[in-house]
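Please read the structure below before turning to the comments.
Per-chain residue numbering starts at 1, and chain names A, B, C and D are given in the order in which the chains are listed.
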């Protein structure tokens, strides 16, 4: 686990170090590209951060994005949507996408709290089921022809920045300033002590999975708007990137530890690495190898720093 | 006679704070040395250095005439030093026998790393018999109660064939009877010539058991003397640096007639049977019993953590039937659990967060349940002073860095903040030094004086006699006796807890 | 006196819930298609999960210490890529085998070194080495599919004493792993480290060595799984081993291994988990179910399995609760 | 714009060498690798600098990578889109920057105001022709055949095209082939092998197999061998085999006489057309929005005649 500020410094150091070598890395255009790429990922990661702080895990977030994207497409698409061309298509579609996430989050929440199924396996099965469902309902076809009113969310960068930033801020405030946040950390630290202290463990757990689903729904809106498609494969291979970004941002997989600020920088760090390696024109496989090395180096910096600190007192 | 163990100038700091300063003393071979000191005096830290868990910043040790510098607990074990830790160090997912031999399993053959099961079971059986624990060696430790685990921990130290055994507060989960049994075991060990280091806050026990007593204060040795020359009062004076005239504060209030908690026929098959009693405002009601008598279970049932098949619990006249703990807390019930590490604290969380956890709903501003940081900060300050938590610790420090006694204060304090009417305290002074103990007694009495009712579960009969207005005795899930102050008597309580029926 | 008998029968069934469910799945498929119950298919059901199963055995060791290894799929890939190159280069089979196993062990040791020496979270280390390994594998194969010669195929179809080789390798690894976990000091220490590292250290366990060993074992198993996978489909494609870590973790967790360490078993747990997943796929193909329904049905059955298991644990915990006194007939 | 410098490479008197970004969605199968190599070779042969990136199946990453090309001011982009629709924002971005973009092997969906050129093979049609040839072979045996189709990743548009093409061809041919097994492979060789083994278990008399990609043949052959069903064409018990792509494995099987037919996409043709279309656009020439690679079915009957255009034959020889 890295500390959140260290990740922030690493981002900066990495940026400064690579800027002279990667052509166009520091250009405004490129920064916009990076931002557009990371915003939807940031939104899912924020939701996942909450779940990890709770001491759970949600592997189904990326599949929820796929299904929500399909649902949005099925409703809004001008070609085949149920509300094609209708004035209410966009608002209904957005609500339905969020609703899809919330509903699936509720299913996860129920499985974990009422069914007492370990979160990993509960959400792994929902992941398989939901992504299978998304592909089945569309019979693998992508849904295009989304209304312009919706696509604005993806085309205007500041709108997406506003949405993602707002979501992150709400999560940050909720986590650091509200009763819910305090309860969340308490459960993550020690469920039994939390229960004895009167924390409604079941409700908070359930609620957190619902919130995580909601954030996945929101991320689906951004993904769908950016890629202009209702896509049953949306974000399919992003799961490890998302979990990895959250963990690199300092959130513990064992619960009780983590911040939204850390997650923001974790996501940013991975995006910077990805982008810079592309700009350097490395081959496909070299990029993967270097990326692994950079992640490891970042973790090494963190531990040696801690050790140095502990030793020097 | 060569000294068995010598500490020379041991010094240790955590994050710039010196917790041990130039500690030097000798543990003569075959003798029992008691180490006493307030919470946080550095006793456990010193033992952790001896046991190879921590490395000293400075100083050295000598064991059996040779330089001794363990780099790991394994080194210490190989050198012949066993360690019964203050906090239990057992593995619930392993069998008792496996816990006993985890560091060095006997092999079936020299060249084959294959556990000799029969042998470890035999030997485990032998050591379990020694500590009087009637369980099969392949019982999983998670199925044992806290007290039983403590006995396993002791059996583990015995099983290591050590020449020096460190016991860091071994009696905290034991009742009087088991403690006596432990003392008998320790007596046998001494006869075999094994040196012992015994740490306890029960100074009477220390004086009874030990040949020498070392007193630590703020990480420095302030006195070392043969036990027979000492009295509890002198030790206390050294420990706290001032005289303490009495162990129990004087009573200020009196129980009233108003019934706060009315327990009527509470029954849960296999756990408790027809438990009935009433707790009045201003009353401190003791609950005594042997290990495993069902007192903790009763507390959990009263608090709504465990199911209750029949009977009713009324708080201030209203039934609590079917209410979750949260609702009971809201109505003024508090439970200090006996195991602070598992049920009491979020060890990794900060002191501040632990302190405010229970009272948080009252420290928020609706409708978003926004935490009022200023109010929370004030509440923390107030309550820290009320329980006299060590001022050295910052609010943002994780609770796990506190000494055991201070941790227990945090557990108590978090409930105080909520100002409940009825306190259920399950072993509230476990592992707490005399000074802090006095303060906790004072706190309990203040609560009663302000009109709260206190149900105090304790395994220390003296404590109950010194503090309570009435004492209930529990045996095998039932209340067997109810003793009024006039009849307070160690013998009678023990008898009721053991077997003889005494008229209720 | 029938009530206690019925009760104990019920308990027996509950205790074996995963077996009962497995039997239920087999029976359902069997009723729906006679081809499913033929003896030859039983061997299919055991051969097909062999490579995932071996992977899951290694993963079980790691999970038992509350760690995780996300790089197993990458290890499989690197080992298979190098092995494939050597085979095509005309190396003798034994040599290739040794090199592949060595790669697995070294890779595991690399993971272990970072995890134990620098105290970096296993998740981060193995995520990084996962990227690294996939990149390396692609580099070695030049992102091309590599088709291996006949000899490999023959290996997969070979039989020893009438038992197909993949099953034999799988069984061997399971037996050794089971014995190591239940009967050796190391195995029991793995459980202790998983339950509480700090306490294990205090109890004199060389925790670093134990942690190091589990990742090496996991690497070894990954390489072995790569071997078995090659003997099944004698080709190394750029997706070889991709995302297999999830299947391995799922098999282990389905078999009752906790991700928080200290709980679980290779046998029957992990084995049953791996076989169950494969049995479902096998049955679905035999019934010629619409391809789109595969993930839906598979995940549904897994969900029911874990739900049953969770219920079982709860009921058993209730039944085994401590009794302070014995209820005499009222 | 960059088109101010028309066709400089051919003359070799370029003031500035051209740079082209090549982005592939995946390199999962031999076909993509061959395409990637062919395009790069083609570009290098014309002294054009190549920037490459691979999106590894992630549409969002692909969009970022195309934008990265634009940031680096490439003169043209060759793209294998993730699918027909998610690539539209990438094409728009290229359009806005005035950079010509050519799609390799996968078309983009029609969308208003979006300009691109696609060089494609019609997967569905070519599969239909391949399978129709197989059905014809089956008919000549004079008996009824049970058939299995190994389908690809259900998320892949080409996999779906081939699946549909297969069913197009067998429709109405129930007297000759009856489809009894549809095996999902997720483009995974191990899965494919397990699936084929299981299907052969359920229907030991399957004698007609179509594989949605040639790269799955090693798995299918292994499964057939373990059931002792792998025999040459003409031998008793031969299973009629067909595939798609035309890779080296398929070529080998054709030469050895095991494979009945495979639908070949002409990688070299497509690569050359891509580069040409790009250069034509830079030179300001009109280029049709779709350039069709007709592809062809290769079988024992036309092997000698067609193998020169089968990319797998070249790869195999190398």
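Assume contacts are C-beta pairs under 8 Å (C-beta built on N, C-alpha and C of every residue); 3 or more make two chains touch, one makes a residue touch a chain.
Being a predicted model, the structure only gives us computed values, none of them experimental.
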Touching chain C and also chain D, the following chains: A
Approximate Å spacing (C-alpha centroids) for the pair chain B, chain D: 72
Averaged-CA centre spacing for the pair chain D and chain A, given as whole angstrom: 33
Between chain A and chain B, centroid-to-centroid distance (C-alpha), Å: 44
For chain D, residues that touch 2 or more chains besides their own: 27, 154
Residues of chain C touching at least two other chains: 138, 143, 292, 294
Overlap residues in chain B, where contacts from two or more other chains coincide: none
Chain-level touch network, classified as line, ring, star, complete or other: other
Every chain pair meeting the contact rule: A-B, A-C, A-D, B-C, C-D
List of chain C residues in touch with chain B within their complex: 183-186, 188-189, 191-192, 194-196, 199-206, 262-263, 320-327
Residue ranges of chain A in contact with chain D within the complex: 23-24, 27, 29-30, 33-34, 36-37, 40-41, 135, 139-144, 154, 223, 226-229, 231-238, 274-275, 278-279, 281, 283-284, 287
Chain A contact footprint on chain C (complex, rising order): 66, 70, 114, 118-121, 123-125, 127-139, 143, 246, 249-250, 253-254, 258-260, 292-296, 298-300, 302-303, 306-307, 310-311, 313-314
Residues of chain C defined as touching chain D within the complex: 33, 35-36, 38, 40-41, 44, 48, 51, 138, 142-145, 147-148, 153, 156-157, 229, 232-235, 237-240, 242, 278, 281-282, 285-288, 290-292, 294
Chain C partner contacts - residues on chain A that touch it in the complex: 1, 111, 115-118, 120-122, 124-129, 131-133, 135-136, 139, 240, 243-244, 247-248, 253-254, 284-293, 295-296, 299-300, 302-304
